[in-house]
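Shared between the two complexes below is chain A, which has chain B as its partner in the first and chain C in the second.
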Partner chain A sequence: MTNKEILLSALRYEEPPRVPWVPYVGVHGAYLIGKDADEYLKSADLIYQGVCIAKEEYNPDGLPIVFDLQIEAEALGCELKWAKDNPPSVIGHVLNDVPLSELKIPTEKDGRIPVVMEATERLVKEFKDEIALLGLICGPFTLGLHLMGSKMISKMVKNPDEVAEVFEFCSQVCKAMAEMYLKRGVEVIAIVDPMTSQISPQMFDKFVLNSYNPTTELVRQYNGRSLLFVCGDATRVVPNLCKVDTDGFAFDENIDMAYAAEEARKHRKVFCGNLPLTVGLLFGEVEDNIKFAQDCINIGRGPGFVLAPGCDLPYHCSVENMKAVVNLVHQG
Partner chain B sequence: MKEALLEKLSNFIAEGDAEEALKVVEEALAAGIPPLEILDKGGTRGMDIVNERYDNGEAFLPELVVAGDAMTEVVQKIFSQMDEAETKANKIGTVVIGQAEGDVHDIGKNIVAALLAVNGFEVHDLGIDVPVKKFVEKAEEVGANIIACSTLLTTSMPYLEDVVHLLTDMGKRDKYFYIVGGGPVTTGFAEQMKADGWGRTAFDAVELCKRLVKNGTPGTKLEIVDSQPSN
Partner chain C sequence: MAKKVLIEMFTLDSAGCAPCTYAKEAVEEARDEIGGEIEIIEHKIKDKAAVKLMQERGVSKIPTICINGDIVYESIIPPNDELIAEIKKRMKDDGNGCCCGGDCC
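Now for the complex of A and B:
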């Protein structure tokens, strides 16, 4: 089996011959090629180089093309602030100035989408069937927060209809982005929605659960696989994550792996995680990271499990620590 | 009747129902209950209720935020009933707060700011991604006694320390209480940079500021308020 087949097999909820491994290299790719994050995320050429080096260094089964949750918001008119060692942040929320009815679903020409799509085409061609590429898109909740700012949170209680409209729009944006990746041959779509850890199971069902459906249905039409990435302590919504129409979900160290594995298996859902980022890969020692990875594998081993970091790898993530995990995956 | 009214108020606040809460405040004022008692036994109690629910996982971020909003309206209403002298006499302190440079997370910081404001502090919120210099400049401008800095990003933690350095360099370290908080900020880190206070939650931040203005001396020791020490 090629690396790509190993991952796709797990994403079909099978048990491949070894544990699949997907390091979420985002701005860490910039670090690997000695560039700043801002320059990297604006250049198809640098993204291409960063992902190629990540493939050489970390022997992965799959890699994200870009990990930047601000691409869609930027294309929709939100103002960004750039950083050298992080993805950019949204500092201007477009719905403060423009009504929702005036926003248009982004096209392949807007913002940095052309950059990302150029990198996608080159990487698909380069990697063919060696490893899988993941098209990451900003989830509807997190995109809504970018567009509206944090007043979206109180409006979930005070003005649910308005929020529902924003969700509706954002889920169409997700679908449009997914299609751009899928038609270029990307087989795995990951919807990244970190905000989902901050709401109750009831609110999750009300606003979030079905907002992924337009995207997941499209992914199925293309015979692709879909994942939902959450972040933060989403323990209370784990049962809801199992109801989401994606093939599975990915989570960080704030969720207990044993619990997530148990729930996921009940519903035959794929689950990916959850190597600790800050205390592990960024600042931990090699031995700590081997232990963290071994613990994850021990608990996760079986159908539908993918070993992955909790979230986007920090820019300065230790290459040595990463390689310790790589060794474990390929030899242990 | 008084007890019943105050209980009603606390429940409406905990539910985040500002409209009903304000009606009860009117009723309570008309019934001659002193404004500060309404605030303390009705309002603050309401926030305690939602805090407990949040800790138990029964309430989540949106519930916490709307309760905070309702409380803000109640406080404004009550202060508008008091004359200036009374309001001043009840002001506990002035806080300049902001999210550290490079960091745009603002949900937690907003809650801290809102809770401080409803608990008798005058709050100046500098927003997100605030340059180190700005904290001190604003504190000087408004005559604050507390500077509060929040971050959720490990990469912004050095800026927290820079605020202390700047204060020291300017010879103003003994003029302000400096408090820090947010995900990656540990008590150890706060201790090492010689902050005056650390709190885990927004409620802890309120207790912390109260303690500092009551008994503390800036630049002497770290005060810790931690409502969930096991975490």
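Now for the complex of A and C:
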């Protein structure tokens, strides 16, 4: 089996011959090629180079094309603050100035979407059947917060109809972004919605659960696979994650792997995780990371498991630590 | 007399992690709405010192919001009015005319 087939097998809830491994290289790709994150995320050429180096260095079964949850928000008119060693963050929420009725679903010409799609086309052509590429899109809840700001949390209680309308719009944005990736040959769509760890299970079901459906249905039409990425302590919503219409979910070290594995397996859901980002890959020693990875593998081994970091790798993530995980995956 | 309030946030990095970004934004909005002496400090666990402090303080989740040393919100972004109430509670005198918590005057 090729690396790509190993990952796709796990995403079909099968058990491949070895544990699949997907390092979430985002701005760490900029670090690997000696560039700043802001320059990297604005250049199709640099993204292409970063992903190519990540493939050589980390022998993955799949890689994200870009890990930047602000692309859609920027295309919709939100103001960003750029950083040298982080993805940008949203500092201006467009719905503070413009009514929802005036926002249009982004197209391939808006914001940095053309940059991302150019990188996608080159990477799909380059890797073809070697590794799977993951098209990451900003989930409806997180995008809603980008558009409205943190007052959305209060409005979920005080003005739920207004929030539901924003979610409906964001859900259509997700679908549109997913289609841009799918029609270029990307086979795995990851809906990244980290904010879902910050709400109750009841709020999750009321606002979030069905908001993924337009995207997941589209992914199936293209014979692709879909994942939901969360981060933070989403323990209380793990049963909700199992009800989401994606093939599975990915989570960080704030969730106990044994618990997530047990819940996922009850529902035949794929689960991806959860190497610790800071105490492990960023600051830990090689031996720590081998142990963290071995612990994950021991718990996760079986159908539908993918070894992955908890979230987007930090810019300065230790290459030595990453390679220790790579060796464990490929040599046992 | 209102007491000074210290809000400490343990984050991955509010510049690069959406839950941390919006937790910080919620705290800053509450501070601006209340006015008064409210200091906000962000401990980013991308710094080793913050990881150590997090362990010392018994904080295990990010983002966590501590008010005057109390862990008040772990991995949840509170609604604005709830957060304001938690901050105001800690700004009040203790009721016996002492503005320092009762030990110094």
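Of note:
As a working rule, the second predicted complex is superposed on the first by the 332 of 332 C-alpha atoms of A that agree within 3 Å, B and C clash if a C-alpha of one lies under 4 Å from a C-alpha of the other, contacts with A are read in each partner's own complex, and residues count from 1 in each chain.
Just so it is clear, contacts are C-beta pairs under 8 Å (C-beta built on N, C-alpha and C of every residue); 3 or more make two chains touch, one makes a residue touch a chain.
Quantities reported herein were computed from a predicted structural model and do not represent experimental measurements.
On the superposed chain A, the two partners chain B and chain C do not both fit; they clash. In the superposition on chain A, contact of A:Met203 is made with chain B only, not with chain C. Of the two partner chains placed by superposition, A:Asn213 touches none, neither chain B nor chain C. Of the two partner chains, chain B and chain C are each touched by A:Ile153. Shared-chain residue A:Thr142: touches chain C; no touch with chain B. Once chain A of one complex is fitted onto chain A of the other, the partner contacts of A:Gln172 are absent, as it touches neither chain B nor chain C. Counting residues of chain A touched by each partner, chain B versus chain C, the larger count belongs to C. In the superposition on chain A, A:Asn327 makes contact with neither chain B nor chain C. By the touch criterion defined above, A:Asn59 lies against neither chain B nor chain C after alignment on the C-alpha atoms of chain A. Shared interface residues of chain A, touching chain B in one complex and chain C in the other, are 81, 83, 86, 89-90, 150, 153-154, 157, 198-199, 278, 282, 314. Considering their complex, residues 27, 69, 81, 83, 86-87, 89-90, 142, 145, 149-151, 153-154, 157, 194-195, 197-199, 231-234, 254, 277-279, 282-283, 311-312, 314 of chain A touch chain C.
Chain A meets chain B in the complex at residues 81, 83, 85-86, 89-91, 150, 153-154, 156-158, 198-200, 203, 236, 278, 282, 314-315. By the touch criterion stated above, chain C contacts chain A in their complex at residues 12-19, 21-23, 25-26, 29, 45-46, 48, 51, 61-63, 74-81. Across the interface of their complex, chain A is touched by residues 16, 57, 59-63, 65-66, 69, 102, 104, 106-107, 110, 128-129, 153-155, 184 of chain B.
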